[in-house]
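Shared between the two complexes below is chain A, which has chain B as its partner in the first and chain C in the second.
Moving on, here comes the complex of A and B:
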């Protein structure tokens, strides 16, 4: 399910399936997308930040078109205890790999992988970041 | 820094195209005249091959290479090197002066990050600025690349860096009446390109920056963000357009103007070292 911002319209609440993972997409070329994500974060229940939220930064292939500092996004990830992934959607190989990573994360968050919970996975990712 | 305004006057009010240059190998400042001669011969040879400029006109290109001690930041910086190409018409009238057709200069202003651990044989002048036909730039660049084993790359300026520039320069104190602070945005994803030009009264821009900046002489990313956010919010209030979603392509102030394609114009001699220091930093980060 794709949405341009949160909160989602309440009319369809009863029809909506359980949400297992929220991926916030930030376009590094658009300051506006960062502001939009920051505003939407306020509408997310705190329980999601136990491993069910991830930030996806797109457009990183074009260094000369950056409108946002990568440090700013990394700090956002730290503030919300959620991983930050970087990708370039215009390159097919990276697009496919990123999709596979997100799918894997979704499987864990939905509880399809026995022995690995969303929370244990995200703390694993955070430890490897600190290295 | 006691910069002689006469020597640096040639820099002002011209549109310079920016390049980053890797260190020059075995460049000897004592051999500038030799280099001028060799470059001149190279240009003549390229012309023979039909690769150079001014087709159909028999003209002599005179090359001058000089050292500019005033254009540097600290003692650690190498002095700037200026290359000038002039046309000398064969059928010259008695009082004809050579016509300057192309200038290019290498410089380093506080480029310690690059020159710090550089071996002796290398000369660090990471910023290259050109004014004149692209064909001449290409010929001169080729000769330097062949002779000193260096590499030139166009220096692009990201929207992030442009916003630093406009915040810094809009905040500069100027005695005379200044021109407007202008930001030009390009709207992505449209069938026909659309540009938005946002002009702000220089006093308003300076007043805004003064309320944002906490420590004089120091600028943080947060302060630049707040400055830009105020501008975006003001524009949105009036026109309901989110400039933060557009691409900032050009900024203009009374101190200097810069375009994302790597073209700058410096208008005020007082801030010349500051502008060059910033550009040197950008060039170095492109090299590393």
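Moving on, here comes the complex of A and C:
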């Protein structure tokens, strides 16, 4: 499901399946995009932050056009205990790899990988600097 | 043939891209078809221009003909120059019949009575546009052919488009000659400038698509709305919001192409509003600030901001009023009164 902001429109509540993973996409070229994500985070139930939320920063290939500092996004990830992925959508190779990573995470969050839960996975994803 | 004329023709031909030289010389019509046949257009431009000058020598070209070639070049490559728009005012409402010969005579007369050394050339085009080229000199120097001013006047309208040369001091004289020749009373510069002459015409002649207040009984299937994704597994949650944005955009910008402007400039003379505890700028003086938006195509990029998710819809009226108000230079001052708000000065 694609949405431009949260909360999701209530008229479609009955059509929606269970949500296993929320990926917040931040365009590093747009401060507006970061503001939008920060505002939407307030509408997410706390239980999602146990491994079912991920931040995806796009547009990192265009170094000249960055409006947001990577530090800001990393701090956001730390604040919400969720991993931050960086990618460049305009390069097909990176796009495919990122999609594969997200798919893998989704499989774990949906419980399709025996022995690995969303929470255990996200603690593996934690930066070693944090300790 | 005068050496300066020869050099001017040579340099003008050098400006033209090689593939266009033949057509432009044909449009010029000064060299006969037979003479044009003798030219080799497959050599380097330096040599082509030398051959053209030689042919012009045979025909004894003078500065008048060379100026016509220059007008033709600038008419085709009009977007290389920066154009400003001027509006003329009449005292009464009577519209006299426009006589082109009378106009030319009065224009030349007015300029020449003030300045002897000027080269004035006219060329009329099918869309009722009169192109005027003026090369300026001084009482002691011959006109500088390399820095002329160009004027485009549509006789049925009060608008004049001027691409002035660097010598701004001649502008008042040019304006005076225009109002005298066209039987107007006054002329003023509009705050509207762009490289695209056609877009300026579109704006002042109101030829661009504007939004009309029409009642649509059913929501339109606008062409701008994203098509249904081919993959049915993708569900778009905010379709109604997207449609609202596209509808608002269509209402503000219309559904046709926008006139091409390169920038919008806002000069702020407003008070700096801050937290009083911060103590910034204690003096009650306006905070002078200049905000400039530039783009290869400003209005199209403003139109695409909300659909691209980069700004909220509706956009600020300061941005969307540009074609309606026919200006892209604004001065914003504080509104004096009980409720200090910003307003746009006329």
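Before moving on, here are some points about what is shown:
Just so we're on the same page, the second predicted complex is superposed on the first by the 126 of 131 C-alpha atoms of A that agree within 3 Å, B and C clash if a C-alpha of one lies under 4 Å from a C-alpha of the other, contacts with A are read in each partner's own complex, and residues count from 1 in each chain.
By our rule, a residue touches a chain if its C-beta (ideal position, glycine included) is under 8 Å from a C-beta of that chain, and two chains touch if they have at least 3 such contacts.
Note that this is a predicted model, so its numbers are computed, not measured.
The superposition on chain A brings chain B into a clash with chain C.
When both complexes are overlaid on chain A, the residue A:32 reaches chain B and chain C alike.
Of the two partner chains placed around the shared chain by superposition, chain B is the only one that A:72 touches, whereas chain C remains out of contact. In the superposed pair of complexes, A:9 makes contact with chain C only, with no contact to chain B.
In the superposition on chain A, contact is made by A:63 with chain B only, not with chain C. Of the two partner chains placed by the overlay, neither chain B nor chain C lies in contact with A:124. With both structures placed on the common chain, the touch criterion links A:113 to neither chain B nor chain C. Of the two partner chains placed by superposition, A:96 touches none, neither chain B nor chain C.
Residues 30, 32-33 of chain A contact both chain B in one complex and chain C in the other. Those residues of chain A that touch chain B in the shared complex are 29-33, 35, 63-69, 71-72. Per the touch definition, chain B reaches chain A in the complex via residues 156-160, 163, 188, 221, 225, 228, 232, 242, 244-245, 247-248, 260. Within the complex formed with chain A, the residues of chain C that make contact are 234-238, 240-242, 309-311.
Listing the residues of chain A that touch chain C in their complex gives 1-5, 8-9, 12, 30, 32-33, 36.
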